[in-house]
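Structures follow.
Both of the next two complexes hold chain A, though its partner changes from chain B to chain C.
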Partner chain A sequence: MLSRLAAIDPAPTIGADPSRSSLARRLRVGGSARYWLLMTPALALMIVFYVYPISRVLWISVTEPQPGLENFELLLTSASIHKMLLTTARISVLTTLITLVLAYVVAYALVHAGERARRWMFLGVIVPLWISVLVRAFAWFVLLRREGLINNILMTSGVVDSPLSLIWNETGVMIGMVHYMLPFGILPIYANMRDIDQRCIAAARGLGATRSEAFRKVFLPLSMPGVVGAGILVFMFSLGFFVTPAILGGGKTLMIAEYIKVQILEVVRWGVGTMLAATLVIVIGALLAVLSRFVDLRKLFGSI
Partner chain B sequence: MTAGRIGHDLNVAGLSKFYGEFAALDDVSLAVRRGEFLTLLGPSGSGKTTLLMSIAGFVQPDRGDILLDQQSIAHLPPEQRNFGMVFQGYALFPHMTVFDNVAFPLRVRKRPTAEIQDKVNAALDLVQLASRADRYPRQLSGGQQQRVALARAMVFTPHLLLLDEPLSALDKNLRGELQDELKRLHKRVGLTFIYVTHDQDEALSMSDRIAVMRDGKIVQHGAPSELYDRPATRFVADFLGRSNFLRGTVDAHVDGGFVLSHQGAKVSQAIGDGERPPLGKQVVVALRPEKIAITADGGRPDNLLRGVIAEWSYFGAQFRLVVDTLEFGAVAVVVPAWKHGEPPAAGQPVAIGWDAGAGTLVADN
Partner chain C sequence: MTSIDNSSALSRRSLLKGGAAVIAAPAVLTSPLALAQQRKEVVLVNFGGAAMKAFDEAYVQPFAAQGGRIVLDGSGALNGKILTMVQSGKVTWDICDAGITTLAELGPRNALEKIDYSIVDKAKVPAEFAYENGVVNYMFSSVLAWDTAKVKETPTLADFFDLKKYPGRRMMRKDSQAMLELCLIADGVPQDKLYPLDTKRAFAKIETIKKDVLYWNSGAESQSLMRDGECVMGLLWHTRANVLKGETQGRIAYTFKDGLLQPGLWVVPKGNPAGAEAFRAIASMQQPEGQVKLLAAMGNGPSNPAAQALVPPDLRAMNPADPANVAVQAKINAAWYIENHSKTFQAYLDFISS
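== the complex of A and B ==
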């Protein structure tokens, strides 16, 4: 296509050497061809391992056990799917909200900390990212179970009479998930806060605003893009989260990812499993489409 | 505007601020009079911004006091001082329209809506931006943003207006325009202005009074012409405009002045009302280039030196020459026009002259 374009010679401009200008054009085409060449391995990888499987999933969801949309009808009719979707939505929304509040506080402290303190605090934010999610889920299990560290301390110090049930329920799932999500909340919020002109806060104070007014009316609104971005990220991660809910939910708190696993690996209803996977992909895609109208997504994902 | 007076006076007494060993402010005292336009002038790191920030309340001084109309305000947080401030780079709130930016100080003061509407419109009229009230700061040019910052800082009739290099981000033409506008505004509203800049031209053209700062101290303050014509130190003479410095020993006392000698040349120097330096003392005389004349013929100035033109440049309104003299080395001379036939040429011998009252005896630091 490009080479055919190059072959069509436009009317030569006055004074320009036609042989040289066509040479330049060929070089430019060569340049763009080179970019395509460089992109090919990544593109091929994406197509083979990502685009193809996902389209297979979509295909299976409308063909198993027989062609049609009856798998998707379950979204409207099945009580157990309703319950699972509601649980997923509730946990994801609460996890996102709690994560955002905590992440905001940490990011605020990071931005206002001294150089040395900030370096240590960053280490504290980043190091958990290097530890496997599985290890962290089991660590929480050790801390939160009935005879775990937290319950032991609460019991011996007399704060509670009987052990709190912190695990095998939504509380446990949310504790584990919030912990996992925190860095993904902190980093976008921090990146945004760092770009806020501190003189604006000083200006607000100079113009008569108290500390808290300057925060509410100037800093908070200016930091909202970071909060919205972090919110999208954390919410989407939460929707499809598997390991932590599986371990800390103890099979009682069923979120969509685990439900899909059960459908495919245990009851072998590929149609239902792929239908739910497709639903997840579509919901996240739709969320991104809506949010991209309000937020610059490229900046959001590039800033991490 | 009868209720409550507009201008206020400010006294800074013995203010010091240390960052570790470094004294950003070193025992600074300064009286700012009601309604005056005072400029803090100095190179970067001279402490002028620290002084302004201490007055604004963003920097807590280690020693000394700040008094507004004889009342100490040193312990007050910035929001209780009721000072308007224009920051370097303006610090407009990017998420608010021009109107909301200007309304901000009134809203935090919980003024009634109708009053806010009136005052903001009046302030925007004052800076000729009434038609831009619905725009966001990023939709405005630099000069317009600067004017919004000014309107925002004045809308609540502050006790003082503090300006931290407000024009430094603008290009040269626009800067000149806004300098005039700022001066007119100052006359019109009668507020006390404290203005920080490192630009000597800005300081000379706008201020009622200038305080020149260096190393955390005020080295000299006074009216612009006073500072320019009678600089107290070599630093002030050099920082405000250009100057030649003639070094020599006091050779003799004469009526109303003394004679300085250097390498056999004798230069007479008048002393206004000050003490004549003792005989034999090493002194420095600052001499403005435009106070030296080329004396090819006729005039009989008090002092005469011979030399050759080393360099010259033409600036339309003036010639700037560097004349090499045997006794004092290179001497810069500015003449409004070349009245001596052929244009000057490098290597051309000339005589330069000036009167005993043209130079100023300055401290050598």
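== the complex of A and C ==
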């Protein structure tokens, strides 16, 4: 997982390590410098093949069609962009909330399941990760459409009289997105819950708390770091969704990724497209910066 | 070797043939074989799928018989891709299967070569579809299709907007092109007075059925929405409607009446590698025989007026460019799109997503 990279960051503790390798002492390389040296190849690769090309693309946002910030002015003035940003934010927030609730339940069950059952449950969580987002969107189409499996069952069993509108709207988009995001919600929450000392709950019960009190006052607060971490991850991914809204939204759900695609490939307003891409990068960066003041991001992403 | 700018595999092969060829080079230069070798490879980009085989039979083979070479690339020449190539100065495409919107967005940005009408024959295309930066390759239509299981009589375009008469979902394209024209025709605007488009009036017309409309992105999506019974009526390309009609044994029907006739266009990116050879390829593709083959394979209407008479009687009903079908359709106006495409398309997307 991407978190592995963040997990390998022992720099803060290394300076205090009295048993520094003799090789390093002989080379007279400082503790953190040594690690910077080890990181250099990876860092250089990132700069050359990632940071540089992305900066060049984002540069277009202040140079096309004329140098200046007029593309960014559209963020304040364009009704079209406002509406699209609102749709994107609404769908992303709702997707994140629903995903967190479902992921919490699944993670809770995972932590409390027996070894054998857990292995099977993990398979159920991980396998969808390997299936293409496109295939999954089409699978939902088969299930959710007017004459699809779900509506057929509901109709024949007499639960509803007319088919439910489960697809071609924001409901359909969110069903597809929540399904896609669930593993990204479950894994961080599970990792966090696994580390909660179960004796705390036993202690709470021993001191007279009911089952629900012990959960609300002890387990839930202890699991919050995992929930916040999963929330960030899911929200960031949700902002950039393209395929699922395009297929399950019936053409009526315009989110930022599709909006950018139209600007770049069809109406060829590259300045506007790259401005939105830059905005997305800035918003996600700012989000992480703010959250890092409240939670330890390193521990968060390293804990998966 | 025979020429410096001969970048093809053929030149390499002749190099391998060894010294004899080198020694004989001056003689080879004047032979017909050498002339054939000198002709550059023309890269033609379309949207892949069934078009690869159909284009090969209709266009590539006849051009090869004349000593030219067309190579097909099915990756789809979207406006942004063409512009990226032209601006980076690394153009690898010679001819793109494009449309009016490409003229509208890339013409003003100076990213297209002017069509060389000394090579491409203007007499072999309808005059209104020969533009400065693009020339018609085939004709297609945006038409009304319906599900005969749910709509018993032949509906009109006005019925498309009448939910009382025919309840059920409708389908439109997620693109303003042709959709606005069909809205206006349904609202009573005469076919020859569509332009300049009254976009407000068109949007108001969509508003009357908006909650029941789905919008398709790709042609395949338009087929699936009709085939699966998700929509009872739809506005889509006649080529797709035609495939649906066959697949469903006539359950899905369509009509050219009140459709919009549009040209598919050949455009040549600025600074294309094969230079004028691209226009020779376009000229070759103007031959009626190949165009009729394309009609039989994919339903794309021949653009050469001389081809219409060659169309076998059983294919005439599906030919959008057949005189009988042209008579009942409106025609797109490129000049209006060059002025208005970008803002109209954006307004349409904003409208349908609100």
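Here, the second predicted complex is superposed on the first by the 258 of 304 C-alpha atoms of A that agree within 3 Å, B and C clash if a C-alpha of one lies under 4 Å from a C-alpha of the other, contacts with A are read in each partner's own complex, and residues count from 1 in each chain.
Note that contacts are C-beta pairs under 8 Å (C-beta built on N, C-alpha and C of every residue); 3 or more make two chains touch, one makes a residue touch a chain.
Worth saying up front: this structure is predicted, and the values here are computed from it rather than measured.
In the superposed pair of complexes, A:A204 makes contact with chain B only, with no contact to chain C.
Of the two partners chain B and chain C, it is C that touches the larger number of chain A residues.
Of the two partner chains, neither chain B nor chain C is touched by A:L123.
In the superposed model, A:A42 makes contact with neither chain B nor chain C. Residue contacts after overlaying the shared chain place A:E147 against chain C, while chain B stays out of touching range.
Judged by the touch definition given at the top, the superposed model places A:V135 against neither chain B nor chain C.
When the two structures are aligned on the shared chain, A:K217 is found in touch with chain B, with no touch to chain C. Shared-chain residue A:L76: touches no atom of chain B or chain C. Once chain A of one complex is fitted onto chain A of the other, the partner contacts of A:V268 are limited to chain C, with no touch recorded for chain B. Chain A uses no single residue to touch chain B in one structure and chain C in the other.
If you check the complex, the residues on chain B that touch chain A are 56-58, 77-79, 82-85, 87-89, 91-95, 104-105, 108-109, 152-153, 156, 162. Put simply, chain A touches chain B in their complex at residues 197, 199-200, 202-211, 213, 217-218, 221-222. Contact residues of chain C toward chain A in the complex are 78-81, 83, 101, 105-106, 109, 174, 214-217, 221, 228-230, 341-342, 345-347, 349-350, 352-354. Within the complex, the chain A residues that touch chain C are 79-80, 83-84, 87, 145-147, 168, 246-247, 250-254, 262, 264-270.
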